[in-house]
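Following: one structure in structure tokens, then a few remarks.
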Amino acid sequence: MKIAIIGGGSSYTPELIEGIIERYERLKVNEIWLVDIKEGEEKLKIIANLTKRMINKFFLPIKVFSTLNHQEAIDGADFVINQIRVGGLVSREKDETIPIKYKTIGQETTGAGGFANALRTIPVVLKIAKIIEKTAKKATLINFTNPAGIITETLLNYTDINTIGLCNVPINMIYEISEIARCKPEELFCKFAGLNHLSFISQVLLKGKDITGEIIEAEEREIVKNIKKIKKEISISGLYNIIPSPYLSYYFFRNKMLEEESNKIPRAREVMKIEKKLFEKYSNENLNEKPQELSQRGGSRYSLVAISLIDSIYNDKRDIHVINIKNNGAIKDLPDNSVVETNAIVGRNGITPLSYGELPITLKGLIQQVKYYEILTIEAAIEKNYNKALKALTTHPLIGDVEIAKNILDDILYANKDFIPEMR
Amino acid sequence: MKIAIIGGGSSYTPELIEGIIERYERLKVNEIWLVDIKEGEEKLKIIANLTKRMINKFFLPIKVFSTLNHQEAIDGADFVINQIRVGGLVSREKDETIPIKYKTIGQETTGAGGFANALRTIPVVLKIAKIIEKTAKKATLINFTNPAGIITETLLNYTDINTIGLCNVPINMIYEISEIARCKPEELFCKFAGLNHLSFISQVLLKGKDITGEIIEAEEREIVKNIKKIKKEISISGLYNIIPSPYLSYYFFRNKMLEEESNKIPRAREVMKIEKKLFEKYSNENLNEKPQELSQRGGSRYSLVAISLIDSIYNDKRDIHVINIKNNGAIKDLPDNSVVETNAIVGRNGITPLSYGELPITLKGLIQQVKYYEILTIEAAIEKNYNKALKALTTHPLIGDVEIAKNILDDILYANKDFIPEMR
Amino acid sequence: MKIAIIGGGSSYTPELIEGIIERYERLKVNEIWLVDIKEGEEKLKIIANLTKRMINKFFLPIKVFSTLNHQEAIDGADFVINQIRVGGLVSREKDETIPIKYKTIGQETTGAGGFANALRTIPVVLKIAKIIEKTAKKATLINFTNPAGIITETLLNYTDINTIGLCNVPINMIYEISEIARCKPEELFCKFAGLNHLSFISQVLLKGKDITGEIIEAEEREIVKNIKKIKKEISISGLYNIIPSPYLSYYFFRNKMLEEESNKIPRAREVMKIEKKLFEKYSNENLNEKPQELSQRGGSRYSLVAISLIDSIYNDKRDIHVINIKNNGAIKDLPDNSVVETNAIVGRNGITPLSYGELPITLKGLIQQVKYYEILTIEAAIEKNYNKALKALTTHPLIGDVEIAKNILDDILYANKDFIPEMR
Amino acid sequence: MKIAIIGGGSSYTPELIEGIIERYERLKVNEIWLVDIKEGEEKLKIIANLTKRMINKFFLPIKVFSTLNHQEAIDGADFVINQIRVGGLVSREKDETIPIKYKTIGQETTGAGGFANALRTIPVVLKIAKIIEKTAKKATLINFTNPAGIITETLLNYTDINTIGLCNVPINMIYEISEIARCKPEELFCKFAGLNHLSFISQVLLKGKDITGEIIEAEEREIVKNIKKIKKEISISGLYNIIPSPYLSYYFFRNKMLEEESNKIPRAREVMKIEKKLFEKYSNENLNEKPQELSQRGGSRYSLVAISLIDSIYNDKRDIHVINIKNNGAIKDLPDNSVVETNAIVGRNGITPLSYGELPITLKGLIQQVKYYEILTIEAAIEKNYNKALKALTTHPLIGDVEIAKNILDDILYANKDFIPEMR
């Protein structure tokens, strides 16, 4: 088995490597290929060396390669993991700050920040897709690159690649619930629906018992994880009778979230500092394991979701994962060919969503509106169509205003002119 | 033929009376019943006297009655026209000012203002409906009372009354287009879709020629009518390839509209002044026609839509009107049993919407979201359910934030405690 | 205005000409072009001469042309009327007899007979369509050629021509009802749904009064018109609470109808005799009007539907006709892009179906099944795909059996080898 | 764990008991309750004794009870297995013979035979359901009673019982395919869609490889199992690109199947003979295992599907079964609340169908039509509505003719007057 990691120089990579090592008994990986762009060459080298030390520690017969040549890395791979960040943290900082100028949320995946990220990333991902189509037709592409929902939908609707979109938010929600319920995560069945970074759990079952109510009660007292911590007066868990993805706060507490964001240094800057320290650690030739500090980086259980998914496919486990997948009627209120985040059966024989049914009317409109924004954003990026981009951004429920949208769009296009192709 | 006018003491009534007089040849009205509540007794008297003078001027054999007894007014009516305003202009002022406190649009029908209006109006309308069900089962109820979409949906889904929702915005849009096209309004076919105060024209045909493009070009240079006049940098006509209802500005230019609203005296106050003057005029015993000043009041062509609709029903004309009607699949993306504003055939044999098809993806989400807000608002009002009211208001695309929604809701409930039944 | 009549040598043509003459005040026709194929040259001449005599009788300034050149006839036409019969009555006789060999109904439009007719006709109609696309792009094509539903769907889905499918069955049903109700046909509103030769009336309104029940009671005592008269023990009017097209008997009384058909001389033969006599009449140089004998031919009110449709378009009447039109959501249970027979508004500004809603569950399956048969038949004809043709025929609810379908299909292909292109 | 078997005196019971014994390690059953009606008392005794001997052979601590009191048997059960046959084999013989009189297929579940069976069974099953609702609210009811699709839909739509419909046809299809593919059945993923006794496999995956084509090729040479063996000229596997349930032959080869049926002694008679011999065997006090002769009875792998389903629920396995379950959008073309036969995840936490998507247009109409027949049949049985029963039977694609339907219906009602409540 050959695994290619696009964006291999990422600080996240040791997380993945640790996962591969831990499951080696079930997943006999022969080759790991790390590939990155010229600008990331140095980081790539550091990661490749650390990777080799980690593998050697356990005397595993896995060969590690690093290269700047995507074709070489991808050629004949069984699994390709995509974790690139187009424009790096410098661009991310712009995504986080431009929208705030116009009093709307700027976030890596949500709102106008995610929109800019999508416009930068779609053309690059489509180029990588071309290479996969040519040299690793049968590979499964696991996409982590944000905005993960949009990127996965682009790949599934505009290429022939067998793509699965992953995110660590659902697994973290499940783990959080398992702590509340004092059970193992795998004993739970959490019914998920929605879109990436806009999903929720409508039902939690523990060994046949519906414990949704108990979990919601407990959640009402919890503070959301991963994203900005704000004081909230109302629990949307209680009000909507769901366990929400923490990202729903960007919608339901948009004013408070915006205020917080406006008063903090951008997350990109924090991450730059963390990354600097991490790479210093990684460079230490005595280090042969994932350092604890990586957990601050934000991608907790990132490896777990990726490697357990590969395990299910490779060993044909046919168990349930929460992934980004073509809807195909699973969620009634969303287009069939659009990508949703929901429960699906994963085996060597492919992936199939569980039938979900209708969304609650209280959440349906928000999710539909974001989905239409996503579809329009993909089309705008591919057609390089300025007016469509403007309509996409206006459609986003955090924007809504066409004049504001135009100002933000123009700022984004100017600030990203090295990455976003010119629009007509 | 007997016509009952609920809210007969309204300053709009002379408009209706003029219409009845003008079409008398086609519509042999025998009795007009004006009914109002105790608080409106004096106005009712003034209007009734003016009405009699107007009719006498043309020596028409129409009997005019005025009463405070709804049952007497409605009993055996062929047409009931509902134009009540629950809480009057005093409440309207609150609708217009409370939301602005929380930096969201407060408007008679749109946003949190329309929401408060709905909560006040639904219980009253349902009481009137009970009387109609009992004493005028076969009557057609023509509803003008705002929020007209929500009130019509309430009547169609929660009573057995044959209801048609009317608004003068569509007819004004058609007249405006006819001026641009230099043709008679009836020569045009304007394809309408959406909800009341959230509709648009996707196609304009003039004698078989598609002139949509020309009209849009002309519209791009026009200033919207009826609502606040703001300077806009972008034309949504041009961007979306539609002729929008002026009310769409509340969504697409929400920031500018809010700014304008925040800096003006509330429309309710202006209307109070206009009404004061109007009723002085109306009291003049020499006046026997609709005074010109009424046009400032805002309901232009109000009479035209009402009386031409009655004409189509009574004389079985089976021609096309733009009305609020059960969707029944006409607009694919909206629930079957929800009320939409679209083209429909009207005859004595009932009303049927023309099949519209799909909404454009650029507008679909906004319209769906508002529809879900409407459905939830009606349910909240009928169930007197505080949490549902909170979710309804949060669902509104101009609110979105659950904490803001809660603050507004609490203010609305406090300010309207004489009209809105207590919620649990 | 120029009208081109394809299949102008048909015995039906004088019917059309009479209609044009009668409405001349409203429809100022300048030119009538009659076109036919070489084999029909003689008939064409007879018809052309009769046409001229009919027009001269009223001293109307309409020029009449006849030609074998389709391009010349169609060039610049405003309306093209298609009434060809590919393979003539000789082929029709085969359509009526082959299926009976296998104990299934053979009929011009229904069952395997209509299927053979479709396979013969689709390629010819597509050739004519090419000429219209090139030389009369803006023309409205009125299609009478059977199977009218299938041919109209072919034209609407596989060409760019503005096509309306017509049939005289609905108008005859309306007239029949008007006789029962003792009113004028135009006073009625009959709510139609279904497919051509598979439609029904679910509601009859007379000046605002629902008289469906009375009509159904009367219908229960009636004998169906136009098609074979059989004695029936059960009224499907009463059972299904509809007024059915007489063609529904082919489905609901399939056994009795088959028995009758098996014991009669084929309708094609009868028609041959009638036509022979008709053309003898037509040749009489003293004849200058439509002879009464034409009524035996079967196309009663054929002219009425065609010319009143042209009137509505030309004079922008926007009144309701029952036509074959793209569904576009009007009937919920049938595909959007498939052709249905239902009420539609017709004006110069185009045609739009009235929204119908759901079919009753008792009839839905039959109509869906026939629609799928139609879609598959069109695809089979266009792709020249033997297996698809076999599946199409098996899908037909009057066949169902794949072995029987194969036998019939092979017989049809052999008997029609001069008309149906070879299949793979 | 307590298991109650309704119709415990059935000759199939030893099959179930064997399954329970084999899985005892995973399923610690404490009590088995066999219950039957008075008429089956003797058989029940024989079965109960055999059951005890079978369990004693393995020294298992399972208590066996037999009773004529349903309430006692069901009270507190974890699983209730329903395998009753209302009217016994005597009624089945009528189901198989009456329709043939009218030249339509008479079969236990398909056609008019299944219809009669449904009318007899629905009232009895609803009575049993009442007892379960009262005394074993949390039990899972596993229904084998035919027509299994109709009975399961009745239970799911008209009672509150957690019901799963089972049939041994899908598992037998999977085993047959595994023999062709020379693999273990559990290595396959077979994508099922349709209704009970009207389902098909559209895709076969073996360890990630799509082997549908190979299986279809092999199937083309096979003879269908379980039902009448007829010589067929055409393979519907090849033509439709599916692996069909053998029951599809009743539709696609309806003529040949009917001919065969007409010339054979009814299956009910054969079964009577088999049963007689079986019970003689069962009575032998030395017998302490399932006798081989049971395999002739027809329910092969009956136990496997039931007990492995209980295993998945009890041990929360969340693996894929082919069951009869509420559609809930899984198959796009069928009503949400109707029962379909498709792949579903089964765990202690409930059952969820995999999202299937659209049915192929070549099979969709047949399946929809049968579904509508099923819905109407259930309604007719519950409402005791003669006209609805007549429409139900007419809707069945093997009948179609309303006069034939009436004759059959009248015969059925007369012949089953002891079981089917009088209809109005």
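As written, the chain order gives the labels A, B, C and D, with residue 1 at the start of each chain.
Operating definition for what follows: a contact is a pair of C-beta atoms (placed from the backbone, for glycine too) under 8 Å apart; a residue touches a chain by one contact, two chains touch by 3 or more.
Here the structure is a predicted model, which is why all the values come from computation and not from measurement.
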Contact-richer chain pair (by C-beta pairs counted) among C-D and A-D: C-D
Centroid spacing, where centroids are CA-atom means, of chain A and chain D in whole angstrom: 45
For chain C, residues that touch 2 or more chains besides their own: none
All touching chain pairs, where touch follows the definition stated at the start: A-B, A-D, B-C, C-D
Chain D residues touching chain C - in the complex, by the definition given at the top: 232-234, 236, 239-240, 251-256, 361-362, 364-366, 368-369, 371-373, 375-376, 387, 390-391, 394-395, 397-398, 400-404, 406
Chain D - residues contacting chain A, complex: 187, 189, 205-208, 313, 316, 318-320, 327-330, 332, 336, 343, 345, 347-350, 352-358
